[in-house]
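Heads up, there are several structures right after this.
Below are two complexes that have subunit A in common, paired first with subunit B and then with subunit C.
Take a look at the complex of A and B:
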């Protein structure tokens, strides 16, 4: 009977940690709902979901795989930008939309491939490799745009394409949200229900054990970095369509938030392991705090302070609950 | 003032429902070497962690050098002169010897460090205590395991340790290094220092210790003097039953050759190695450090590539470009470094067992948890892996049970050839016998087993046949009457090749 009791223990512990993030989430939600009139309106929530959550979440899903594999990707912003740059430039040059879209995702894929070669083949540490790609990517953008000029496609010719991507909806659900749902479903299956995800987690847990267990570590890592880049590329396309332009270096805004969301998400698992659900919670928390603080009237700089405090609070709460248990 | 350096009385410690220590005592007199033995899980590490201030006991009294201490922290313990040489606590790899010796106790002149003085003092300490010339600016990562141990002990000596606790200090040392370590410990004893020595090697306990505390099920079941009590009696106390046969017998007939190695060579490591392992056979292989036997094993499993020669499994020539191919070829390797290569300690028992064979648990492209759980529960029962449940992190298992998980990983693959590299190192006696029994069953089911060990008694006692590698070539094959640890040792040290006498 003690056996059956202990068998239930880890689940309890997990839910205790999950509780930390949920408590923070619900608590802040209530604070914002009572303090800012505009917060709890359908328009605002929809706006946060479509414009903040979707874009960040898709990037963060990719980062979740990278962190699971024991690495880090500082170049996801570059993947966002490259997809956006190529997509917008292709449209501007009169290329058909589907082709431009494919080219944009292809550009992101190349960024991932470059990371993969540096990390999986040349064995450069993920931090340094992706930092290098970040620098190169930023320079490439400046060179390609005459020092960082945005490319605006505001004429009517492009409105149809952009609207089809960012403003349309299916069954009352905006297309970007559908894209997110598909991405979540696919990545959840890949990370939590397929051999791929288990192997990636083994690499992250102990690369030597993974290698000695017959896992092809280099090819798995290659797939992970390409996946992260392509997911970031999807955000790049959605972003271009939303702002109807390519703005150099705009992808960087996602970098730290995506990494932050992933790590906030690790607090919900007993092993402090990244998970799709955890990352989504992390993204939702960050997006809500930013929006809420804005509506309460904090200025941009204080928002950053608020997010910093939030991260500490979630971690402290989660560790505290776990220790007590 | 009593003559006790350490007096721990009535120590209890529970983790939730698990009682790790129950009213345990540990008393160590000054100027003695005190052995601490017990199976994994008997409470050895827990009582040492209590002494180290890492764990807080639920109850009990601790007196160090006559001073009653109420609450211990790792720092306060060191101030009381108790130093620990942990099995796994590693030194900073990029530090120099001098930096490692004086870590946290740097010699200073005002606010400034005195690197020159620390280097000279470290070299002097190592010279006087170990008779060894080790330049103080050598990097820790360039040292052998034995030298790293020496640096750790030197650090304790530099702080004028009164009590030195060594946890499995000999696990990674060769015989000569063990001998010099023992000489150092005896020397320290003569200086009045108390040494607590934890080891699974009973022979070492008998050779070295003045007194031995035997632990079982979280408490001390006796304090004995090795001169008056035999090893067998000590082991019986540890496991509370007669040891019976250490090496269980096999009675099945051998089948056709499964693994055949012909003319395998790798420049600089080994050359022209040929042998075969038949179905149901346990072939021992041994060699001293640097003999090339490790590289041989790495080549078999695809971790390294041979320059010449061939490997045949079940009549089919195989060349493994990487471990992944070897696993597909139904070869298994239980590596020596369990924590780096054998099990992922931060993953669950289940995830570790199935990681190499996920495709066996697939349903329509997805891993079927149900099938996985069923299989894993089967292995946990079959191998009597002591874990509360399959989701337990492997980190929380004892060494022997971790090794069983490492083995279960390959059982789950239904491997054909098992290569085992020092599978019973840092595994307690009870679990050792279980591992032998399990290997016997695998052999009876037709697996071919290549058993690499530097424990020659184990090779002689457990294997059907044994090969000795000396400086990269096979130096003799032993079976039947000639399968004897003395003859193996002679061959491993380069005595002229022996002929097999079946």
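Take a look at the complex of A and C:
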């Protein structure tokens, strides 16, 4: 529908698609605000921000780098899960919290390193490499948990640690939001203001040219996949602190949303490139739709359908316009 | 294309094509030898592995995976085996889950068997047609389009079943689940028949040849007057048909539709991708897919008989995919 409309607005297709996404955003916002009383309350917005936006956004920032480099990472869920598994297991074994936190992030880093070796050194295509890592990660989790038993740490001993991570606040802003702000600043600088980001985007746009112009492609790709995994690991830590447990395979829920948010982000960029701000807009759109559908009474299953349709529509818009370009 | 999902540095200079061909042949033989060695290992160490009863049992169990893997293979043949931009259908397993739910619901609603079958196959093909439209009509990368449709289809399945098991029974289902002919069960016959039919169509008719042309060199195929879009579209509809067929087998085997059919996706991808190692140009073939489906079946079966945890199976499949891809990427013929 939007596609046929675009033929009547031929002057500037890029701004049309940006406009379409923004109109969808504002339109849905108005629908939810008028249809669900609870939608615009401060408590709800805060809840969406802390529980939905932060977790997804940090994963999606990493995926943004991977897609910028011309790749894809199907194993971000594994990084989320491994960080959560190691963090929660370490706490359960009585390891000090900072050490457990470092171990969790280290586990995610190892997932990224494995991806990086497969993709940058062995030249396996990112899709297959991260698919293989996804398979292996699921096996590891089943083996570690006797087939997929969650690890709950709900006793008082752990409440202090988990609250310090997920429920504390600084200057009135919840800690997870501070974490997100820091991640956004760091990734925005790295992707849009530093040579590193320019090189990553060059690899994504023209791998051959990037190679011939002296960019060390393998080491850049290694950094990209490790960065994506560590960011996903941060989400894993925040997730386990929020739900006070490790639930096997829960990271996969982030996969479609993170990829979807990244591609929604590309529709608002002039060159159809992933960008940090675009990805954040995508995350906000997805989180808003999920929360709004919940509040107007759609059950979880229909929410999944709704999100899928939304991502599908945005992909259609993005690729349809790109091809007509 | 800004979204060209291709890795790293340019191809190494061509020239050693003869060496490459030898390497490719060595890999094919090596893959068969590995296959045979693992079988021999199981036969020697796992009691009851090499009995005719067990072998027929594995082939029966492989029927569902086999039908789905044919769908995936045909999509990859028609879309090209460059996995990131080429053909792939991530919604295939979720589609089979939805079709199973439709079949169970229709049977329970008292629809006659032919109507229920038509509804099931129709659902599968409709999902396939939507995927085809997204890929051909809208130009979305198959990987992304089917990732999105996978979620939509899984969501619709969950609304239909409310995440529960839908038990059902009908005369047709009992024939499929316990009927036998020449001592071989109906499920095994379905796999054999499907292998022969798909194998003949793909490898012995102009349709199959055109699909390989469309997948291998879309520009050349277009220049030769082939309707590339229509062929690619057809492969997704065929994959949907396979999902519908597999759904009927799933319901007959379990006497129910169950949530979690979507988890078959990893095995389907493993079967279709491992199968490419048995072909000269590392593209999917029906024979290669059958071999790898049966190999995966025996792998799970052997683990079970050796009392190894089934939790290892997906890890071993993942490691095999990585091994196959790493090895074949060294021997893949240069296409530039």
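Note that in this section the second predicted complex is superposed on the first by the 294 of 325 C-alpha atoms of A that agree within 3 Å, B and C clash if a C-alpha of one lies under 4 Å from a C-alpha of the other, contacts with A are read in each partner's own complex, and residues count from 1 in each chain.
By our rule, contacts are C-beta pairs under 8 Å (C-beta built on N, C-alpha and C of every residue); 3 or more make two chains touch, one makes a residue touch a chain.
What you see is a predicted model, and the numbers here were worked out from it, not measured in a lab.
Asker: Just checking: does A:195 make contact with subunit B only, subunit C only, both, or neither of them? Give me first, second, both or neither.
Answerer: first
Asker: Spot which of subunit B and subunit C makes contact with more residues of subunit A, would you?
Answerer: C
Asker: Under the stated touch criterion, which partner chain does A:271 make contact with: subunit B (first), subunit C (second), both, or neither?
Answerer: Both partners.
Asker: Have a look at where A:46 lands relative to subunit B and subunit C in the superposition and call it first, second, both or neither.
Answerer: A:46 sits against neither subunit B nor subunit C.
Asker: Can A:214 be said to touch subunit B (first), subunit C (second), both, or neither?
Answerer: Only subunit B is touched by A:214; subunit C is not.
Asker: In the superposed arrangement, does A:205 touch subunit B (first), subunit C (second), both or neither?
Answerer: both
Asker: Where on subunit A do the contacts with subunit B and the contacts with subunit C coincide?
Answerer: In the superposed arrangement, which is not itself an observed complex, subunit A uses residues 3, 205, 208, 211-212, 271 for both subunit B and subunit C.
Asker: Show me the residue ranges of subunit B that touch subunit A in the complex, using the header's touch definition.
Answerer: 16-17, 301, 303, 322-328, 333, 335, 337, 339-348, 351-352, 354-356, 358-359, 362, 365-367, 388-389, 391-393, 409
Asker: Taking the touch rule as given, give the residues of subunit A at its contact with subunit C in the complex, in rising order.
Answerer: It is residues 3, 67, 70-72, 118-120, 122-129, 131-136, 138-140, 142-143, 147, 203-205, 207-208, 211-212, 217-218, 221, 256, 259-260, 263, 266, 271-273, 299-309, 311-312, 315-316, 319-320, 322-323 of subunit A that touch subunit C.
Asker: Give every residue of subunit C touching subunit A within the complex, in rising order.
Answerer: Checking each residue of subunit C against subunit A gives 1-10, 82-84, 134, 138-141, 143-145, 147-152, 154-156, 158-159, 162-163, 266, 269-270, 273, 309, 311-319, 321-322, 325-326, 329.
Asker: List the residues on subunit A that touch subunit B in their complex, please.
Answerer: Contact set of subunit A toward subunit B: 2-3, 5-7, 9-10, 189, 193-195, 198-199, 201-202, 205-206, 208-216, 271.
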